[in-house]
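Mind having a look at this structure? Questions to follow.
Labels run A, B, C and D following the written order; every chain starts at residue 1.
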Amino acid sequence: MTRRFDEKKFSMAHLRAVAEEVSNWGRWGPADEMGTLNFVQAQQILDAGRMVRQGKAFSLGLNFDRHGPQRGLWGNRFNPIHTMLATGTDAVSGAQDAGGLRYADDMVSLPLQCGTQWDALGHIFFDDKMWNGYDAKLVDSNGAQRNGIEKVKHKMFGRGVLLDIARHLGVASLQDGEAITNDDLDAAAKAQKVEIRRGDFVIVRTGHMERCLAAGEWGGYAGGAAPGLAFETCRWIHRREIAAICTDTWGCEVRPNETDDCTQPWHWVVIPKMGLTMGEIFYLKDLAEDCARDGVYEFLFTAPPLPITHAVGSPINPMAVK
Amino acid sequence: MTRRFDEKKFSMAHLRAVAEEVSNWGRWGPADEMGTLNFVQAQQILDAGRMVRQGKAFSLGLNFDRHGPQRGLWGNRFNPIHTMLATGTDAVSGAQDAGGLRYADDMVSLPLQCGTQWDALGHIFFDDKMWNGYDAKLVDSNGAQRNGIEKVKHKMFGRGVLLDIARHLGVASLQDGEAITNDDLDAAAKAQKVEIRRGDFVIVRTGHMERCLAAGEWGGYAGGAAPGLAFETCRWIHRREIAAICTDTWGCEVRPNETDDCTQPWHWVVIPKMGLTMGEIFYLKDLAEDCARDGVYEFLFTAPPLPITHAVGSPINPMAVK
Amino acid sequence: MTRRFDEKKFSMAHLRAVAEEVSNWGRWGPADEMGTLNFVQAQQILDAGRMVRQGKAFSLGLNFDRHGPQRGLWGNRFNPIHTMLATGTDAVSGAQDAGGLRYADDMVSLPLQCGTQWDALGHIFFDDKMWNGYDAKLVDSNGAQRNGIEKVKHKMFGRGVLLDIARHLGVASLQDGEAITNDDLDAAAKAQKVEIRRGDFVIVRTGHMERCLAAGEWGGYAGGAAPGLAFETCRWIHRREIAAICTDTWGCEVRPNETDDCTQPWHWVVIPKMGLTMGEIFYLKDLAEDCARDGVYEFLFTAPPLPITHAVGSPINPMAVK
Amino acid sequence: MTRRFDEKKFSMAHLRAVAEEVSNWGRWGPADEMGTLNFVQAQQILDAGRMVRQGKAFSLGLNFDRHGPQRGLWGNRFNPIHTMLATGTDAVSGAQDAGGLRYADDMVSLPLQCGTQWDALGHIFFDDKMWNGYDAKLVDSNGAQRNGIEKVKHKMFGRGVLLDIARHLGVASLQDGEAITNDDLDAAAKAQKVEIRRGDFVIVRTGHMERCLAAGEWGGYAGGAAPGLAFETCRWIHRREIAAICTDTWGCEVRPNETDDCTQPWHWVVIPKMGLTMGEIFYLKDLAEDCARDGVYEFLFTAPPLPITHAVGSPINPMAVK
């Protein structure tokens, strides 16, 4: 297993020190519930518009259905259950004709983070707190009274940049357990001749999802071992002042994790302390192939969340437009 | 009740004649499942990008929660049920600490057309057929084998135009039963100094939703009487070759309907015969106020659907960006 | 509003004193999770069998569907949502024939206490504790680690007694806010010539549900004002050592409550302190009419809960057999 | 694979001939929706009461949770999803104190036939018809307008008999594909010294579920190969005039099936033509061990279905009482 960085497991003391270092608590006032999405301002929106130069649109959303990646490895998540409330077979049988309209209708039940998704800032806690110092107890069975996804429903629009780490390293997919370092991010950006700017939506491709799709089975994709961002990248992200980070993996960060003292150490730091919005389970194949073809790794990016009141995540269908 | 058009109820013979007149079956080949979204091509995407001139973004999505508009008047639709799979109160109680991560997680169950939404082309049938002549029986309990919303997951991006009919007529809201005619659409566009182009996403404001929000109760919003598009507008839409039409009402067309011989006559025609994509329950207050302020009624519009496999609709959070 | 008992509101001090008086904590050992259902032993089961003397069976379950009593007045409860996974219209369309079997299949989503139901002992807390002194925090998003309904899945079988208070008082239904006192319970039993025994399932009829069914609307049935048991009945119940109590109301106890200092004071005491199992929303019309006719108010009673692991309630279809 | 009967695959002509032979259409009038449950009359109920001789009660219900037998092999069924609407961790956090009551509440979403269950008479069709000749199209997305489970909500009570085939044959479990013949049923009854009577609820034990529970994994239990009733048993059942048949398997009948021309041939015949009620996924270990111990294979049996309006099945918690 190639990890390409300091293999020593780090301690909670290190995690806590870095957490303070990259904390943005109070940076946008005590009432803020948007975190790093605050980096998206009028200028960033204007820049996004300018990215549309060829008239090409890509969906980065995996279809939502019973064949999704959830396999019961983590939490109580399950794949989407789509059921019909009315059908064409009903219609043709004449059962609807008294109502004067032949139609189909449907519903879905799904964990908000079962597929392509945003984590809301209320998703992860640091000790007893969430983003900006709010009490974690404000997320009870009635949902997140603070830091819910509906608070950022107008913010998921800006300039997107793809960092195709797999292609940069010359592999179809990074291996499980293989970490992406700050140097990797910089080297990929340089090789791709793309600049990372304040307020960007940075999308990192590991090839993990495509490996599973090619194999025809998800295996440990959702909650098992995976390639992903090294813990140190929280510093890179903080320094760059990006709006959000997204990957084609289940949980952005490398697994097994780089410490034995907690689970998902990078999550501990970037969501509740830095206030970073995070996108996961992105489908990047078509976009990445196009970028490799035309050499353009920047685009207009948008992924409006469903504004489910007090939710700590949202399924999404992100779009990249060139 | 002001209707401002020929009050005579029309016959099914008229409906069927108009349906043939505006039919697009076969226009994009026998395998097409996108209908009028085919009008969005590279040029339309480029035009959309050029609409971003000020750096302002608006969400047109109503929040999804138990306070939504569904009141059991039509079909089996209900308001969204958002429940938690893990909470901050659990986290603080220490119950999660064995897992090394404190987090909240959640799920939702919702009819796909309970709130701000796209109708998919498989939603409405004409006799035994759906869009492009596909057999309605292809929509069974396993969903829409043809014309599902996932087929257009990359297409909901283009130039948007708001036609603020309520403001144009000088009212806070049109009345229930009041119809919007072709002349109304043209007059509003002219007064707003905005041009309707091929491939546009045209958004029509009646004020209906704002009336309900101001009153603090939905009443008959979902399935009762409503202002909306006159049946004749299907011809206007067909002639303009727009990509989609969206309104701030439950069902786009005027209710009570203009015929007693069927329900939702305009739906009968525009979805299965014309192949028109339709958006409903749009929240337009903020956007409309901004357009009135700056006089700019065109914008980049995007509303990526959740690609729920074989679904006949999708909840969305549309965005307008200027 | 007739209340027929001391109208003075009582204090939390009184509630707490009575709670200690009727507490059964430790009575069946420190590991008990069944409470007063422990009163059902072999003798009680044998007695139940002897109640079957005429060969008549009654269902006491209200049908579960969208027309149930939930109207959003209390908690996040909603009426059952029953949807199909396969239909006869699909079957007849031929869509299933490749599988060699024509069938229908279905699912339901429902709050466990939305209709005729048992409360589990984990449903109500007293301060930070639940039945038998278990920590309330043992009920988290993963359910009730103690006092779940599945722990009593073999216990809902015994002798049932109907106390038809409405008929005894000569009314179709008690009024909302009208309380049933210990004297009422004794007087009704005496008039009905029925004895209350240790381990009985006592079923109290107020007429409330029948009033709503006759009116064709539920109104405040679920969570509003209601007739019901006076707080003092917790002492009567404790003394009688019954297994469970059930009513035709939403919440057994009288509403408005007899104190302003908390909500559902009787619940505070009988579930977490006494360990009483409680049944609600029972449909009693047919049984009550039969009892009035034949003068027999005792019967075999059974209402097996669905053993949903770690659940704090269960929908049921109780049966009374004479 | 031991099958112990004529191994020749039978034809659809044979199936159709037997279907006519055992048909009960019209036997209880043209409006009947209860089928063989009509065999339960006052005498059968009285007999059931007499079975209670020792004061022992057994639950035959498997717990309903995420660890249930559904593995996606058949249909769209999934395991129960139990989620909380309020928790003890919320309560202890103080979040509920404004409401004056500390409580937990919950909900479940489940296919009605995902665990221990009744099939309703509307579950299986024969050509275009269901039980008693009703049109299969009467089961549409709004549920079963005829033959719904709610029609028999008062009928699931009678004399039960266990036929412990596995024990009779001296094995822990029959093998997958091993069929139970009419001779097996008779021989087991004779060896157990128990008589099968009109209106009985006959429960057949194969050991299949216990084999899975012992192995700690369900494997193909739900929809794969299984031991079970031979097709010929439909004649035995018809002759005996029993009320219902139940097994500890997923689908009662032997799998692989005895014909290649359709799936579940015994289902084709016994549900829509004979009108037989069927129970599946029964947990029989405790009851069977007790019967082996005391030699008593008859008991009071009850398994009230949830009266979900228009449902084609119901989860249940059956009870056997001796």
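Brief remarks on what is shown
Quick note on the criterion: a contact is a pair of C-beta atoms (placed from the backbone, for glycine too) under 8 Å apart; a residue touches a chain by one contact, two chains touch by 3 or more.
Everything numeric in this text was worked out from a predicted model, so none of it was measured.
Remark: among chain pairs C-D and B-C, C-D carries the greater number of C-beta contacts. Comparing the contact residues of chain A and chain B by number shows a mostly shared set, over half of all numbers used being common to the two copies.
One inter-chain figure worth recording: chain B and chain C are separated by 45 Å, centre to centre, where each centre is the mean of the chain's CA atoms. Mean C-alpha position of chain C lies 27 Å from that of chain D.
Shared interface positions of chain C, i.e. residues touching 2 or more other chains, are given as 76, 83-87, 89-90, 92-93, 95, 107, 109, 137, 140-142.
Taken as a contact graph, with one node per protein chain and an edge wherever two chains touch, the assembly is complete, since every chain touches every other chain.
Residue ranges on chain B touching chain C, taken from their complex, read 66, 72, 76, 78, 81, 83-87, 89-90, 93-95, 109, 137, 140-142.
In the complex of the two chains, the chain D residues touching chain C come out as 41-46, 48-59, 61-65, 67, 75-77, 80, 82-89, 91-92, 99-113, 122-128, 130, 135-141, 143-144, 150, 153-157, 261-264, 267-268, 300, 302-313, 315-319, 321.
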